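To keep things simple, chains are lettered A, B, C, D and E as they appear, and every chain counts its residues starting from 1.
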Amino acid sequence: MSEIFGFTAACLVGLGLYGLIVHSSALRKILSFNVLGSGIFLLLGVIARRGAAAGLVADPVPQALVITGIVVAFSATALGVALIRRLDEDDEEEGEP
Amino acid sequence: MSSAALLILVLTLPVAGILLVVVGGGRQARGISLAVLVGNFAVAVGIGGAVCRTGRAVTYSSGGWTAPLGIQLRADGLSVVMLITAAVVALAVGVYAPNEFAVRRGGVETRRSLAFWSLLLAVSCAMNAIFLGNDFFNLYVALELLTFAAVPLVCLTGTRATLEAALRYLLFALTGSALYLLGVALLYGNYGTLDITKLSGLVRYEPGMPLWVAVALMTSGLAAKTALFPLHLWLPPAHGGAPPSASALLSALVVKGSFFLTVRLWFDTVPGQAGMRTGQLLGAMGAGAIVVGGVLALKQERLKLLIAYSTVAQIGYLFLMFPLAGHVGALSGGMLQAAAHAFAKASMFLGAGLMAEVAGSDRLDGLRGMGRALPLTTCAFVLAALSLVGVPPTGGFMAKWQLLSAAFSAGQWWWVVVILCGGLLAGGYMFRAVRPTLVEGIQPAAAIPRLREWVVLALAVCALLLGGFSKKVLELLDIGRPQITEMRP
Amino acid sequence: MNAVYGLFAGLSALLLVVAGFAVVTRRHFAAVVGFTAFGLLLSLAWVALAAPDVALTEAAVGGGVTGVLLLSASVQMRAKMEVLPSWGVRFIAAVLAAIVTAGLMLVVLMLPDEAPTLAPAAKESLAFTGMGNPATAVLMAYRALDTMLEKVVLLLALVAVWSLGRDHFWGGRPDFDFSTQTSGPLLLLARVLVPVGVLVGIYLFWVGADEPGGAFAGGALIAAMGLLAFFAGVARPPLVGSGWLRWAVVAGIAVFLIVGFGGFWGAGDFLAYPDGLAKPVIVVIEVAMTLSIALTLVLLVVGPPGRRP
Amino acid sequence: MREFYLLAGVFILLTVAVGLTRVLLGPRGADRMMAAQLLGSGGIAAMLLTAAGLESAAALDVALTFALLAAVAAVAFTKSSGRAARTEED
Amino acid sequence: MSEALDVFTRIAVSLGAMFFLAGTVGLLRFPDTLSRLHALTKADNLGLGLIVLGLLPQVAWPFGALKLVLVWVLVLAASAASSQLVARKVRGGKDRS
């Protein structure tokens, strides 16, 4: 049954890729990157759920990988947003001398 | 502590250095970093000694948890060569680093001093983690560590152009690592382990479409991070715009990180199983890089951009090893190229930095008379250029020679044409770069500390020595390699 | 179990609609709102997938710090609408995305019937770690090296963000909205909510050893409370040059390293925990980590110094 | 009973998701924000129902986290739409 | 006894869901921002309140119940504070983003 989420994950990856290609603004690219990342994490979640065994409802290893991945994705978002903010500030300074 | 514990030491030493730099502020940053980098080099050599002595790969399981549940670190011949190369380059960049990254005694910390030194150590840490990693997710974290160290290095000066280059680089790198991670997820879903050694055993008996989708995703992600043609667009503005110390790190080391992972994937995880076509495709992209990068380098008017485009071209050679996989000389040629390019390119970028400091800009037509103003640097520059072009007896020559002989023994003559063409192009653009420095002209009296010039020369000499000791290096590269029993038809 | 099926299908449909909305809409602000909603739905999906630890992390990060971060960027962006490329480019992108999606779906269908799993191995070793929560055991014991490196990534992201400041502001405070327009309800909210939130954050980290939770979820929640305090003006972002701040930011990794090398003489291996002492040692690491995580996340959101020291 | 919880949760989720169209329609920042807020409380309600339906005690903690963060998001939205309005007037 | 409680739960949860439906309809159909705000607060406070009330007999005592009530109180506080902020802005009449 968790395959439904597997399909969802595949679609999210596709959506994220689409956004990464078509958007011109960096903010939207970063947002799309997060959607893409969520798709990958969800796929790992499905893999974890399928790996239920030995009395555990899911394989904890992929779940732990997802938690680490969320931290890394957040760090990337923060760095990207900081770059965007800095570039926008520069724009404003140039616009209003 | 056994010699295997050195593997953990080489990972944690730079981490400890970063912590000290952040806590101590910029003031002691230079001293702390140099001490750590010297230690890093010593440990890398120690690991090399241990590998040579035993003639086998050294492994270490963190916390005593063995794979597949735990994470294993593994040093084989490839790791050792790259570890030592990276340690030398990082140390050289640290010694070279100009005063703008230093804080005067009793002065306050500056933005650049804190950022530069911690990022330098972070590059060192990430490279070590990549060379020793034997677990694909551990390697993902290391890869991201490298991204976070590299992106801010691009825009250390804070000019608009470099900020834009950094943002573009970040987006490329993030997309690349996302694709890589997707492949990692598929590998786990199919084999239940991410340990390279374990995986290589499993895929031999259960290859299949999921495996190839995973490998394709990982390879394309890594290619984007390595700036393989046609995904190279982010590289020239980033490497050409960064401060010279940063450019040297980016061009010599950072792109090699994702490349090294591609080698681990193709030569260690799925050895001898890659289809003919995929290998040819990667080789074709490499050939495209060699030609397009070379032609674009010919057109540049600024020295640093020329060197950056030369990196695009030289990366192309690295990917010629994939269509030739399984033939003697392919792997060793590629790895020699990675090391020789690291030394030569670091020397060039650092040398270009000194020249730009003297001339006031890095425009090619402003470099006349550099030979007189900075004799050591110019000498190093010529040496490094010879290695990049592939003139005997440099490391660059030995690398290309290995690749050529692999192409001959594989009967794939078209790569021979590509390599020779690339050599001609490199000769052309390097001539354009070197010629003005050797022509008479007037340069302001150089006020460059001699030590910085010596560093540049030392790196170029390393590229030369790599050619001289290539036999030893080739022997070292063979240690701990998986035995490839089956050869592709 | 038809209802569970309905939950899965409904959630999936909603996830796709909302993610599609966030990716496709031309308004930046609407895209950010959509993405926040997406995070909420994703948390539900994690609960449904029996991954409560991930659900908590996603909720704390996605609902809090990421939302504020993206909003701050969307507000500054001068253009409020996205300019999209020509139909041709969009069409090619859509085809490419569709191919990848279709390929992935196929691979999902081809996943081995008998899923390979490390669950038995993880369960077997659980007793040695003294933990009751297998996900925490993976993060803090089996794959502790990853967790340590990932904390270095976080620290490095902070250095990177700081390095984007301007030289003359160095050592100063981040210029984050700690504005003077504080209104009564906001002040009250901050005074009531912040202490409760910090308590819940500590609780999340504390139960993490045996039940779903963990240092990162707790730290992220505490970080969001810090941001609320800045918004209300009851606290100001710290000076990036201050000594205590530097110590606090590195504390998590430092303790990790000390424990790691202590493992050499205590248990013979780096990051090996001595018999019977595993749990207290891990809790010590997690305390330091929660502190560092909370602070680092706050600092990542408020950005580089933007005012003179 | 468990089915009932889950179905109620899905029902509420679908309902508030329709409200998201307000984010597109606007016209004011306040309208967009309210839609997000409704989705927030609807999501929390769905989370509580899922907690009961799947007998997952941890989902209660997730709901608690969201409840705490709902206020942070609301304040961030208010502040940012205010600033957005100001920049538009400039 | 437990059957009676179940019936109670069903009624309360259904009523709560209806309030969410009403809130959404109001948000979409009401003509101006302030009346939409009114609809929203109803859904928030009463809808979630009824669901919490309905679930109270079903969760573990005392911590589960405590958490449930805490959730409701927190959402109440957040919604009160933010609707006041919104209302103030709307009356200021300048907000149009």
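Operating definition for what follows: a contact is a pair of C-beta atoms (placed from the backbone, for glycine too) under 8 Å apart; a residue touches a chain by one contact, two chains touch by 3 or more.
Quantities reported herein were computed from a predicted structural model and do not represent experimental measurements.
J.: Listed by label, which chains are in contact with chain A and with chain D?
T.: Expected: C.
J.: Give me the step distance from chain C to chain E, shortest route via touching chains only.
T.: Graph distance in the chain contact network comes out at 1.
J.: If I average the CA coordinates per chain, which chain comes out farthest from chain D?
T.: Farthest chain from chain D, going by C-alpha centroids: B.
J.: Specify the chain pair with the maximum number of C-beta contact pairs.
T.: A-C
J.: Suppose each chain is reduced to the average of its Cα coordinates; what separation in Å results between chain A and chain E?
T.: About 30 Å separates the centre of chain A from that of chain E.
J.: CA centre of chain A versus CA centre of chain B: separation in Å?
T.: 28
J.: Which whole number of Å gives the spacing of the CA centres of chain A and chain C?
T.: Centre separation, chain A to chain C: 11 Å.
J.: Which parts of chain C, given as residue numbers and ranges, touch two or more other chains?
T.: 4, 29, 48, 50, 53, 72, 74, 78, 80, 104, 111, 115-118, 122, 142-143, 146, 150, 153, 156-157, 160, 164, 186, 189, 193, 196
J.: Touching at least two other chains at once: which residues of chain B meet that condition?
T.: Residues 69, 137, 141, 144, 148, 151-152, 155, 163, 182, 186, 188-189, 192 of chain B touch two or more partner chains.
J.: Among all residues of chain D, which ones touch two or more of the remaining chains?
T.: As it turns out, chain D has residues touching two or more other chains at 4-5, 29, 33, 35, 40, 57, 61, 64, 68, 70-71, 75, 77, 81, 84.
J.: All pairs of touching chains, please: list them by chain label.
T.: The set of touching chain pairs is A-B, A-C, B-C, C-D, C-E, D-E.
J.: Could you please specify the touching residues of chain C with respect to chain E in the complex?
T.: It comes out as residues 29, 80, 183, 185-186, 188-189, 192-193, 196.
J.: Please output the residues of chain A touching chain C within their complex, sorted ascending.
T.: Within the complex, chain A touches chain C at residues 1-19, 21-25, 27-28, 30-32, 34-35, 38, 41-43, 45-61, 63-64, 66-68, 70-72, 74-79, 81-86, 88-89, 91-92.
J.: Which bits of chain C are touching chain A when the two form their complex?
T.: Going through chain C, the ones touching chain A are 1, 4-5, 8-9, 12, 15-16, 19-20, 22-24, 28, 31-32, 35, 38, 42, 45-46, 48-51, 53-54, 57-58, 61, 65-66, 69-70, 72-74, 76-79, 82-85, 89-90, 93-94, 96-98, 100-102, 104-105, 108-109, 111, 115-120, 122-124, 134-135, 137-139, 142-143, 146-147, 150, 153-154, 156-157, 160-161, 164, 214, 216, 297, 300-301, 303-304.
J.: Using the touch rule from the top, collect the residues of chain D that touch chain E in their complex.
T.: It is residues 1, 4-5, 8, 11-12, 15-16, 18-19, 21-22, 27-31, 33-35, 37-38, 40-42, 44-45, 48-49, 52, 57, 60-61, 63-64, 67-68, 70-71, 74-75, 77-78, 81-82, 84-85, 88-89 of chain D that touch chain E.
J.: Mind listing the chain B positions that touch chain A in their complex?
T.: Residues 69, 137, 141, 144, 147-148, 151-152, 155, 160, 163-164, 166-167, 170-171, 174-175, 178, 181-182, 185-186, 188-189, 192.
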